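Next, two complexes with chain A in common: one pairs it with chain B, the other with chain C.
Now for the complex of A and B:
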């Protein structure tokens, strides 16, 4: 199956040493996708993540590389075509989630992996909202 | 706490090239092997709250790429 990985999963993978959020994306057999600029922005805020992390800088870097290796980045050109529809689905909960829903629509995926409850909205449209442990 | 020390031989080509990305991949593989031997846990409610605070900041900046210009 094809799932979008929300940044909450990637952040939690970089914060907790024995995180299921790190194991799940690196060991799952499902295809995982993220919208373009997710990694760039994650790295731009890496200091804030590091402040709350149990991991060393080297371990954080290593995990980012391992996660990137398992995830397919969907280009902005493809995602932006579905932003309007994405607003309709999730805009009333949090507009910031729209790029992830638009990515889901762009790839014709099955659902979104996230700790964020706002994504339960996608279940009304036949998609799956799941937590990282459900990937294994 | 486990300390990992890696002594690379002087003739090791990667060291000569100073290819940081390759070094990081090697390090990542070693760390991954280490972590595979330990248990894994899901986040507590408190940890989820902390993660979602950070997530909101990161998502806001990702969102800007899809609205500006």
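Now for the complex of A and C:
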């Protein structure tokens, strides 16, 4: 199956040592996707994340590499085409979640992996909202 | 070395029994696959130990990063 990974999962993977958010994406057999800019923005915030993380800089870097190897980045050109529809689906809960829903629509995926309850909205449209442990 | 028995579909079993060279290659591949997977799990176990960080910290970063992603996509 094909799932979109929300940034909350990535951040958790880089902050917590004992992290199912790290194990799940790296060990799952499902295909994982993320919208363009997500990795870039995550890296832009990496210094701040490092300050709050239980991991060393080297461990964070190692995890980023392992996660990136498992995730397919969906280009902004594809994501942007579905932003309007995505706002309709999730905009009333949180507009910031729209790029992830737009990515889901763009790839014709099955659901979104996130800790964020707002994504339960997508279940009304036949998609799956799951937490990282459900990936294993 | 220890010996492990694995189950394979009947058609593969027939092929392996017919060709000893193929069987040897298959066994080597299986050992390599086991080794690779076990090593990865061991590394993951080693780096996923320890204590908890507040969920609030994660959600705080999540909001900041998602806000930036939306802004950049809207500019595009």
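The definition used in the following text is that the second predicted complex is superposed on the first by the 136 of 136 C-alpha atoms of A that agree within 3 Å, B and C clash if a C-alpha of one lies under 4 Å from a C-alpha of the other, contacts with A are read in each partner's own complex, and residues count from 1 in each chain.
Convention: a contact is a pair of C-beta atoms (placed from the backbone, for glycine too) under 8 Å apart; a residue touches a chain by one contact, two chains touch by 3 or more.
The structure displayed is predicted, hence computed values, not measured ones.
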Partner chain(s) touched by A:26 [first = chain B, second = chain C, both, neither]
both
Check your understanding: Is A:54 touching the first partner chain B, the second partner chain C, both, or neither of them?
Key -> second
Exercise for review: Check whether A:18 is in contact with chain B, with chain C, with both or with neither, and answer first, second, both or neither.
Suggested key: both
Counting only touches as set out at the top, which of chain B and chain C does A:131 meet: first, second, both, neither?
-> first
Would you check which partner chain A:65 touches, where first means chain B only, second means chain C only, and both and neither mean what they say? first
Query: Looking at the overlay, does A:73 come into contact with chain B only (first), chain C only (second), both, or neither?
result: neither
Interface residues of chain A shared by chain B and chain C, listed 6-8, 11-12, 15-20, 22-23, 26, 35, 37-38, 41-42, 44-45, 48-49, 52, 59, 62-63, 76, 79-80, 83, 95-99, 102, 115-116
Chain C residues touching chain A in their complex are 40-41, 44, 47-53, 55, 57-59, 61-70, 72-74, 76
The chain B residues in contact with chain A across the complex are 24-25, 27-28, 31-32, 35, 38-43, 47-48, 50-52, 54-63, 65-66
Contacts from chain A onto chain C in the complex sit at residues 6-8, 11-12, 15-20, 22-23, 26-27, 35, 37-38, 41-42, 44-45, 48-49, 52-55, 59, 62-63, 76, 79-80, 83, 95-99, 102, 115-116
Listed in rising order, the residues of chain A that touch chain B in the complex are 6-8, 11-12, 15-23, 26, 35-38, 41-42, 44-45, 48-49, 52, 58-59, 61-63, 65-66, 76, 79-80, 83, 94-99, 102, 115-116, 131-133
